[in-house]
Structures are given as C-alpha cells and as structure tokens.
Amino acid sequence: MAGSVFGKCFTITTWGESHGPGLGVVIDGCPAGLALSEEDIQIYLDRRKPGQTDISTPRKEADKVRILSGIFEGETTGTPISLMVENTSQKSSDYSEIAFYYRPGHADYTFDQKYGFRDYRGGGRSSARETIGRVAAGAVAAKLLKTIGIEIYAYVRSIGPITISDTNFDREAVLKTPTCMPDYEASQKAEQYLKACMQEKDSSGGMIECRIHGMPAGIGEPVFRKLDAALGQAIFSIGAVKAVEIGDGCMAALAKGSENNDAFVVSDGKVWKKTNHAGGILGGISDGSEILLRAYIKPTPSIFQKQQTVNKDGENITVEIKGRHDPVIVPRAVVVVEAMTALTVVDLLFENMYAKTDRIIEFYQ
Amino acid sequence: MAGSVFGKCFTITTWGESHGPGLGVVIDGCPAGLALSEEDIQIYLDRRKPGQTDISTPRKEADKVRILSGIFEGETTGTPISLMVENTSQKSSDYSEIAFYYRPGHADYTFDQKYGFRDYRGGGRSSARETIGRVAAGAVAAKLLKTIGIEIYAYVRSIGPITISDTNFDREAVLKTPTCMPDYEASQKAEQYLKACMQEKDSSGGMIECRIHGMPAGIGEPVFRKLDAALGQAIFSIGAVKAVEIGDGCMAALAKGSENNDAFVVSDGKVWKKTNHAGGILGGISDGSEILLRAYIKPTPSIFQKQQTVNKDGENITVEIKGRHDPVIVPRAVVVVEAMTALTVVDLLFENMYAKTDRIIEFYQ
Amino acid sequence: MAGSVFGKCFTITTWGESHGPGLGVVIDGCPAGLALSEEDIQIYLDRRKPGQTDISTPRKEADKVRILSGIFEGETTGTPISLMVENTSQKSSDYSEIAFYYRPGHADYTFDQKYGFRDYRGGGRSSARETIGRVAAGAVAAKLLKTIGIEIYAYVRSIGPITISDTNFDREAVLKTPTCMPDYEASQKAEQYLKACMQEKDSSGGMIECRIHGMPAGIGEPVFRKLDAALGQAIFSIGAVKAVEIGDGCMAALAKGSENNDAFVVSDGKVWKKTNHAGGILGGISDGSEILLRAYIKPTPSIFQKQQTVNKDGENITVEIKGRHDPVIVPRAVVVVEAMTALTVVDLLFENMYAKTDRIIEFYQ
Amino acid sequence: MAGSVFGKCFTITTWGESHGPGLGVVIDGCPAGLALSEEDIQIYLDRRKPGQTDISTPRKEADKVRILSGIFEGETTGTPISLMVENTSQKSSDYSEIAFYYRPGHADYTFDQKYGFRDYRGGGRSSARETIGRVAAGAVAAKLLKTIGIEIYAYVRSIGPITISDTNFDREAVLKTPTCMPDYEASQKAEQYLKACMQEKDSSGGMIECRIHGMPAGIGEPVFRKLDAALGQAIFSIGAVKAVEIGDGCMAALAKGSENNDAFVVSDGKVWKKTNHAGGILGGISDGSEILLRAYIKPTPSIFQKQQTVNKDGENITVEIKGRHDPVIVPRAVVVVEAMTALTVVDLLFENMYAKTDRIIEFYQ
C-alpha cells in the first residue's frame, strides 16, 4: 500500500489538498452493525476546526462531513465508508507567491524534490487540512472502541514553557479552554504566552499527552507491529511531531532498573501493576493498565518575521510570509492524536482476534 | 502481513527464540547483483554479541551466520535470502523457575495474556536474541545503501546520567570503547557507573543517537509512511525503547518558530540549510541534510534485587532473578538501531523510485 | 489492507453502493507529472454505461466523473487522486421486495451470512455499479501505461455459443458493435441469440479475451506475485468471472511438451518466441511477447422466469424478479477486464524497478 | 510485501533454490495452542516427493523437515514457525550446460531478463522444489483448518486425454494410484499414456480438482479479496498452472441464467442449494456449500527431444535437455494445490473474524 493508506485490518485511505474541491477518507474494514451518523463524525471534526478563539487563525472553515457510502438505515454495512468534507473558504490568492520559494520549516522544498512540482496553494497535501480525513476516520474508530469499553482522550500538557503539573482532572475540562489544557490557570498563562508570540510575529510549540482507558491486555503484535511501534508510526505521521514517548519516555533512560520496573500485584483476583512507568506496554503488548503516550510538536513554521530562504531559481532571498496562520497548532492537534491512536488500537484489536487456536475454534463453532 | 514481517519492498521476516534450535531472517525483495558474503553479515552480528567486556553478561554466544539461499557465485540473485544463526550456548535450566511467575518489566505476563502460554526459556521470542534476525538483515540493507553512498552509524550518547557532549568524533571511536561511547573519558565514567549498578544488583538505561549520511532529498511517503513515521515504527519496535526523537525532538516543543525554523541557503548551486533542527526531515520527506534520530532505552529489567511480583497461581510473591544478564543493554543495541534504520531507508528508497512519471518512462525506455 | 484495497504500489480503494449517494475510488501511489483530465477517465466510464443498445438494460446512468484531488494544473501531483461519480438514476422502490428473500445466483444470501444484514437496494455493494471505481482507476493506469508504450485491449470473444474465430481485427472494431465483438457477423448472430434469451426471460454468459501489447520482459514477482497470479486475482475479483486462462489455458493440460513449448529464436538481435502458447508469461514473469488472457463470465443471474428460493424467514418460496437487467453483462465487462489488467500491470511495473542493484545505483546517481 | 510473501494474517515467506543448502518457509501469524509435530508436516512433504513410481523422475529426495522455531512443548506459541528442508541429493553437474542457453518453456530467459543473471543449477528458484515451503506451510494450515471442521482434498482429474468421470470416490483412493487419480482403471490408462510419452521423449499436462468440505458461509472479502480472487492468485502462483476454474468454470459462459442459477431451498431449518454450479461462492463469499476449483497444468517443459532455442550469446541453437525429469508433474502438484488452498482459506477465515460489530464485542467481553 502507498503512503496515504493506514492500517492493515481497519484500513483508511485519506485524500485531498488544502485548496482542492475537498478532502476525505475511505475506511475499508469497518465491521457491520455499528450505529453511525454524520453527527458522530462532526463532533470530532469540530474539535479540529480553526477560527474559534483569539489564539488561532481567523480563517473560518465549515468542514461539514458527508457520508457517501457504507451506511444503511443508520448502521455500517461492512462495506467501505467514504467520508467527504468540501473545501469552502479557501482563497488561493493568499498563497500565490509561495509558489516561487521554499518556506523554512515547511515541506515546499521536499515536495518539489520528490515530485518535481507541487500544489502550492495553502501547502497542498502538506497542509494541516490533510488531517481532516484522519479525524473523520478516527471518530468512527473511537465509536467502535467505545462499544468494547475503550476510551481515548488527549489534552495539551504544555505550550512553550507553560505546563500543567496535575493530571488528575475532569475530562470535560479539556474542552473548556481554548488551549485544550485541562487547567484554567495554566491555560490563561499559555494564552498570554501565545499573544506575546503573536506580537513578536513568532509561534510556539507544545506537548500533547494521550491516554487509553479500558485497554484489554494482550494487544500488540511482536516484533514489528508491537503496540508501541504501531503507535510510534501513527503519531510520528502527524505533521510537526518531533518526538514520541511511551510511559516514562526519555526519563526511563536515566532511571535504574529498580526504579523503572513496575511490580505486579494481585488483589481481588486481578493482576495490577503498582506503578506504570511502562505506560501500559510490556514487550510491545498491552498489559491491561492505562496506555500513556506523549507527542512533542514543533512551533508553527509560518511566522510573519523576515526569514532567509531560497527561491525556485536558486537565489538567496528574504521573505515575509503572509496569510492566516495559527501561532500554535498544538490545541488543534489534540483530536488528531486521539484519532491516530484510535485507528491504531482498532487495527491491533482486530489482529489479536486470531492469536489463539481455541478462540478461533470457539468463533467458528 | 503478521507482526514479524517488516518492510513493504525490502521485506524481512524474522524468526526464532532464545532457546530453540536457532534464529534467523528471510529477506525478500533484495535486488539482484549485490556482492554479499557471510563475512559482511558476521561483522554486524559480532557487534551485538555479549560476553565481550566486564560490563556485559558473561554468556558466550558464537552467533555464526549461515547464508541458506539467495546468493549465487557471491552475488544476490533477487530471490529470498535466508540467514540463520544456530543457538549453541543456551542452558534452559537457568530459566526453569521463571516459568511460574511474571518478571517485572518483562513480557512474561503480556505473552501469557496474549497467547495463553509462552516459551519461558530465556524469554523465548521476547529475548534480546530476537534482534539477531534484524541485525543480519540490516547488514544486507547497509551494504546495499553503501553502493549508493548512504551510511548509517549510531553510538551511545548517554548511559544513566553520564553523557557525551561533543559529537564531533571519529567514527572508529565508537568501536573502541566497551560502552560504544565515542569519548574515552565519558566511557570510563559510564563503566564506573555501571559497575556501581552491578554492585547494587541494579541496572541502567541510556540513549543512542543515530545519523544517516548521504541521504538524498525526496525520501519518505506522506502521509502515513513519512520517513519519520517509518523510522518511528522501526525504532520503537526494538525492545526497551521508550522514546524516539527526530532532530531537536522534545526540545522543539519548547522552541519558538523563529528558533526552530532552518533557513534555506544556496551556495555553489546547492541548496543547504543553515541549521538542522528538523533532523533532515520536512513534511515527512528527507531534505538532503543529515538525518538525526535518538532512541531512549530503559534499564535492563532483569536485576538481582528482591522484587515483588505475581505467580501463575495468582499469588503475591517475592523473587530474586538469577542468570546472566547485562547491567545495560544500550551498547549492544547500537547495531540494532543501525539495522532498523537501514532497513527503513532501503524500503523507502525503493518506494520513491516510482514517484515521478518521467523517471518511470526513462527507466522503461 | 482490507478487501476493497487493491495494489501494493499503485494502490486503489473503491467505495460505493448501487443506491447510495455515489461511487468512487481513491488512487494512492500514482506518480507525479502525468497529464490527466476528467475526459481521460470519462471515456472509459462511458464504455461501461448501460442503456446504450437494445440488448442492454434500459436504465440510464449518467456516470459523470469528478476529480476531487491529486491534480494541479492538469497534472498528477503524486498525492492521492480521489474520483467520484454521483448516483442519479437510482430508484430504490424497484428493489424493495428483494429485501426479504435471496435471489438465486446473487450475493444476497452470502452478504447476510457475512455481515448480518445488507443494503439490498440494487444489490448494494455487490451491484455491477461497484465496477465504476475500478474502471475510473483503470483509466488512469492505462494512461500511465501508454506513456511507456504498453496498451491493453479486450473484446468479447463469445456470447453463449456464438464465437468469433478470427482474432486479426482492427482494434476500433471492438467499439463498433453493441456486443463488443470485433466481427460484425458474429455480433449480429449474438444479438439475435440475446433477443431470443430475452424472450425466454433468460440470460447468457460469454467470454472476454484481453491482450497486453508492448509489455517489457521481466515483469512479475515470483513466487506469489507472479504476473499470472496477480492477473488471476485481478480478473477473478470481477463479479461473475468463473474461469481465467493464460495463453493456451485449459488446452495446455491436453497438450504434450513438444506441442506446448515455445521455441526461442533470434532475429535482428532480438529474442522472439516462434509461438506463444505461454501467453507471454514464463515462470510468472513476462517474456516480452504479447500477454493473452481470457475471462469466462456466467450468465446474468437476474432473470424474469419463476425461480425457487428461500426468504429471510427461512421459507421455501417462488419468485419472479422484476427491474431492469441486462440479458448479458459480458460486453459491459470488457472495459472492467481492461481496467483490472492495467491496474495489475502498473503495480508490477513499479515493483520491478528495484529488482537489480545496478539500476538502483543508476537511479540514485 | 515482496513476491515470496503470501497471506495477510497467516503470512508465509518461502525461500530456497533447487541446489542451495536447503529450502524452507517462515509462517508468521499462526495462532498459539495448535498441537504440531514434524510428523504432521512430513506427511504432506512425502506426498510431493519424486522418485516413487516409474512415471516420475528417478531422483531421490529425502526432504526431511525440521522445525526451527515457534513450537514449545508440542504446541505452537504464536511466534513465527520456521521450517527447513536440507537439499541432499542435488548434483549441480547435471545442469551446468543450461547456464548458457534458455530452455523452451522454462523461466531461464525471463529470470535473466528480470535479474540480470540466475542460479541456473536445477532451475534455481524456479525449480519445482520451490514448492517445498508452500507444502510445509500448507500442512500447518490444513491442521488448523481441521480443528474447525474444514477439510481440503485434491486429486488428478485428467492426464493428457485420460480423464475420470466419476467423482464419487473414497478419499483414500487418491493416495493409492501413482497418478493420484482416484480411479484405478483411468490411472492405469494414464500410466500407459505417460510411458508412451516417455518413449517419445515427450511429456504430458493434466488437470487437478480440489474440494473444500465444511466451509462455513461468509468467508471472502469483497471486492478484491473475494474468496475466488484469493484462490485465483494462490493457484495461479503455482508454476505451470495455465487456467483456473471455480464451479462450472468455462462452461458457465455457455450456459443460460436459468441453467446456471442454483436454487436455494430450506430443509430441516437449513438453507441449501439444489445444485452447485457456483462452486460454493456467490459474490466472492462462501455460501456454505462445497467449494470446487480446478487447476489446468501444462506439460513438463523439460523434454528430451531436440529443441530450437537461443543461447546467451544471442545465437540460434538446437539443444537436447538432459537430466532427470518427470514426464508429468500433475500428480506431484496435487498436494501443492491443497496447500495453497489451505493457506488461502485460513487467511480469509481470520480476516472474517472482525466482520461484525457484535462478534467483536462478544470476543472482547
């Protein structure tokens, strides 16, 4: 499968550019009998929309999803589900000048190197709008996961130097701040930090944390499709992610074995781990505790300061980027991280169904 | 493809357990006409062997590779290359007691959860010996990459709190210290640190850095098989890796756009980047500069201290692990990181060959 | 990848049901720089449209294709190409009664067994309209193949007992008869045969022959993705195909080695085969001569005679199918066979590009 | 995945050449908990061995299988199963002259065209010995299928013009004749026919029929991994197969709808079909009745008559092939057809396990 196909069992193919007629996704391998409406998907898409706060681009994007196939009388039929969002607010004129030079930190140069030319309008396929297909498909995966008790939720842990320390919060709190930080005070500080960035014509990075609740033990396919390996690919495939951690992540490299090992304990007939440095994964397989991962996201490369770069004629030039850009993309990426996580988990859940002979026999009896 | 298959074009399938008859790999998709000998592969395998220094397990493993197919008159034929290493020094008796309980930090519990039972001898498939197949295949990938001018090399950047700061070193230096740190002084400090760990019956983690030299621009398949996404999966698939960074990694989340963007410049008709915060990847595609990644590795879970855990009868117990275990696996993982990187790069190089119509026409003329 | 994904390098995902909002396909892996317009695709779609002659269903289907992504300034960009056709003439009312019973020869029963229920309107996903996505993608593949001198063309060799014996004909002749038989007399006989079938409320099968001109030697990936194996999957995936032959096909089983072997000869420095019993494939790899395959297609199962069957309540019943159905689908399947052949050939052409080390070195120089 | 990898869930990778150290297969994705011994596999391998009758090559091949991984205490562990057969009786000298010319009907020419050179000893990878890996893996698949009540058996239906008409026979009869024809008289005629071929230094083709008993309804993944499409790929991937039929096959093209449709009937609460023209597959999905397929196999290309061909210097020459060759390969291919069928069915059985939401919920409760 080529690069825009993801997943072996629950397979998605995303398509679309920033300024073409639309964007979308085809989901192949969604099981039959799942109740699914456009509203289920719209809720997710609305969470990635810009233009909603004063720390995001003033662009308005309606991003209304339409289900084109795979649903009959309100339920999935087991056949491919095609989802589409039309592009409505795109102004190509904003971008015409970037046709002729390479924006620092963007994919303009590498797309030209790979394909010989590129649809430069709004970044084309390398636009953040590309994630629409992921989020729409992720909403379907998340709905399916809920039916078996698995819930995934992500939130912004830090923006620039502003971070939240307490991660015991109400899940609804994530939706209540413009930063998606579930901590009102930290969020206000982050907003001030971002406004300062905007005044300096600069931008900020940040970090997203994602948790999977209710994950059964046994999920993940050693040795190359381990749960952490599959999540690693999924999260790194999101534009601007520069690091991924599982559990203690980088800190594990500093720890000693006696500090890092999680002791197993039994209580009430159930096996638990006293701690969760491992982030819920041992040997690439879920251990039944909460899965914890982190995605580190670079600052938006589109800044309004003067920057040095090269044009298509191979000349050194100075540019000032125009247009409507978020000073930080981290809050809008929260739902993308959730989506990619959900897609990964569904895929590996299906693959695990034929791990044991006796379960297969039982299935086909 | 199932979990022990990796790569779409240059596809490897690894097999083998710690205490079975042997371990190996089949490479399918290696092009014809590559000169290849057992010696080429043995050099890589020797780098992952234990028992070579006083900071590693005293186990001796001969690990001699045998080529079973795919080579004729010293060259690859384009057909599958089967490589095998026999297990010779394995003593099952060392491990018999771990059949009955779950070692903290190991995959014993999760394998039982997934498969219902496990080959407990030496960790079975979750043993570090599983990497033999990866390294053997990686040696072939690396040889192929060299023919087009791409070289991959990794080294230990830190062990526990001991780190090297200067990364301007002679490549041969990596092979000269028992820690694989290319800095004699840091390596000595790390050895002392490890000996202290051993005395405390404890273990240490560490960090590996890997660089790809000579990488052409244009490699990587947006949006899900981006170069960083593919590397993310590859590196996270290595046991004990808990975090992966590309370029500035986690630090990018703290930076501002003006700090993180790499300016493009032209000199002598060539496009360069003034800095390389991006680690050589923009939009998931190589930009022609050096690729830089980091793998953070947890401390060896097999420590000789008393630990709390659970046995197969569901009872809380205290255990003291016996056997021959490395106080740190980081130095031995260096060649594994190189191998997985090489396998990933070869795969994406092949895939890139049909990215442009005119190159295809040229090829088939 | 799930069942509606086809191709490893040039990967297509089709979607859509007979009576949903539309049908389409996403092509991922089409190289950049191919001139492509909606007209290029429409030409192929028009060849599969019904309602054009008195031996086909009187249904009218406009089937206008729309390109939704992947094209910029008239050329492919290397990103996914999304193609869509809206359903316009579907009348669900025609089909409401088939919700309650299983039509003989149709997939109603098996879809219910697999998925628990089905979109019964017009056969849903098992409708012949499903081939719209294949044909649209096949048109793109065929355009790409033309740029390297490969042309694929199919025609009807027989309808029921009426067959053409002379296969030396002008290619345009295929488009000139309503049966797609490139033989005016045979076609007229076939039309009379079909009209007789219609009067008897019956239907007919037939056979399609497909040839690939200009195929370079060396294409096909032993041992499981041999050219004939890949074509076998592709052609059998078309609804109603019950047999596939390569070269002499079934007759080869009756022949002796001395009759079946094709002698190699050299003339003008080129290697040729004196005969082509093999149909252009030896050991699963193209030998540079014309590829020849045949698809045998069963009669349309929708006939208007009384038929015995079972309803969803598990009762034996007698039914008379209503609606608008072709007495033969063979002529409309010609372009589908071409499409699946083109998709298969493109995929294997790409895969062959990394078969030799020296060609890879040359590519990356 | 490259060309020697087969199957998406139950994935096999075969390797090995006729005259290398050995041949084998790695099975990845075999579920844990299946009792498996070398004897289970040896029984299948023994059925493909030559040198057992006076109508086959006098070559002796011991072909003893060894299990190298994936089994612990007599059961599969869920990890890759590596199987190997050493080459013991190969005499390279027999084949040295074929290094310099292209045998008609063989893959010599096409391998050279694809890979630039080839391991010519005994045909290298294109030797019939390549099927050892398939048969060994197929034995494991067949054992797994038996646990859920599915049995696959094939037999020779015809050799040259000699055919059996009665297919109501005892299954053991297949193993009792040297031709694998389950009809003593027909087999004797076929033996006489083959002896006449041998005297004329000629060879014969033939046809194999294969049946799947106990197949549940619902197996097959529309639209490209339909059961018939997957079987089509599997069977065409076997060397020398030139045609594949499902159910009535080619004859369906001659039939009318009223003749070809299979009526559904209910008796004792079970749905049956009165006839089985469809061969057990409707819309690419099994319908619960017996699956029936046929493979048409060309005559052995290695004949001892003088033949015209071309040498590597591009000269027209006449050759007389030497060595030890079967006058017919059809009887030895019977178990290969069974193996490929079993591998295909297992793969699609696994894939079907996640077709319905309620079954997934039930599984993870």
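Note that the chains take the letters A, B, C and D in the order they are written out, and that residue 1 is the start of every chain.
Please note the rule applied: a contact is a pair of C-beta atoms (placed from the backbone, for glycine too) under 8 Å apart; a residue touches a chain by one contact, two chains touch by 3 or more.
Everything quoted here is computed from the prediction, not taken from an experiment.
Student: If I average the CA coordinates per chain, which chain comes out farthest from chain B?
Tutor: C
Student: Count the C-beta pairs in contact for B-D and for A-B, then report the pair with the higher count.
Tutor: So, comparing the two chain pairs, more contacts are at A-B.
Student: Could you state the distance in Å from the CA-based centre of chain B to that of chain C?
Tutor: 45
Student: Taking the mean of the CA coordinates per chain, how far is chain B from chain D in Å?
Tutor: The computed centroid separation for chain B versus chain D comes out at 38 Å.
Student: Roughly how far is chain A from chain B, centre to centre by C-alpha average, rounded to an integer in Å?
Tutor: The answer is 26 Å.
Student: Considering chain D alone, which of its residues make contact with at least two other chains?
Tutor: Each of 1-5, 8-10, 14, 29, 32-33, 78-79, 114-116, 125, 222, 351, 355-356, 358 in chain D touches at least two other chains.
Student: Going by the contact rule at the top, pick out the chain A residues touching chain C in the complex.
Tutor: Against chain C, chain A makes touches at 1-5, 7-11, 13-17, 20-24, 26, 28-29, 32-33, 66-70, 72, 75, 77-82, 84, 114-119, 124-125.
Student: What part of chain B is in contact with chain A in the complex they form?
Tutor: These residues of chain B touch chain A: 1-6, 8, 14, 102, 104-107, 109-111, 113-116, 125-126, 130, 158, 160-161, 197, 200, 202-207, 217-226, 228-237, 239, 241-250, 252-266, 269, 271, 274, 277-279, 281-288, 296-303, 305, 307-310, 314-316, 351-352, 355-356, 358.
Student: Spell out the residues on chain D that touch chain A in their complex, using ranges where they run on.
Tutor: My answer: residues 8-10, 29, 31-34, 76, 78-79, 144, 147-149, 216, 222, 349-351, 353-361, 363-365.
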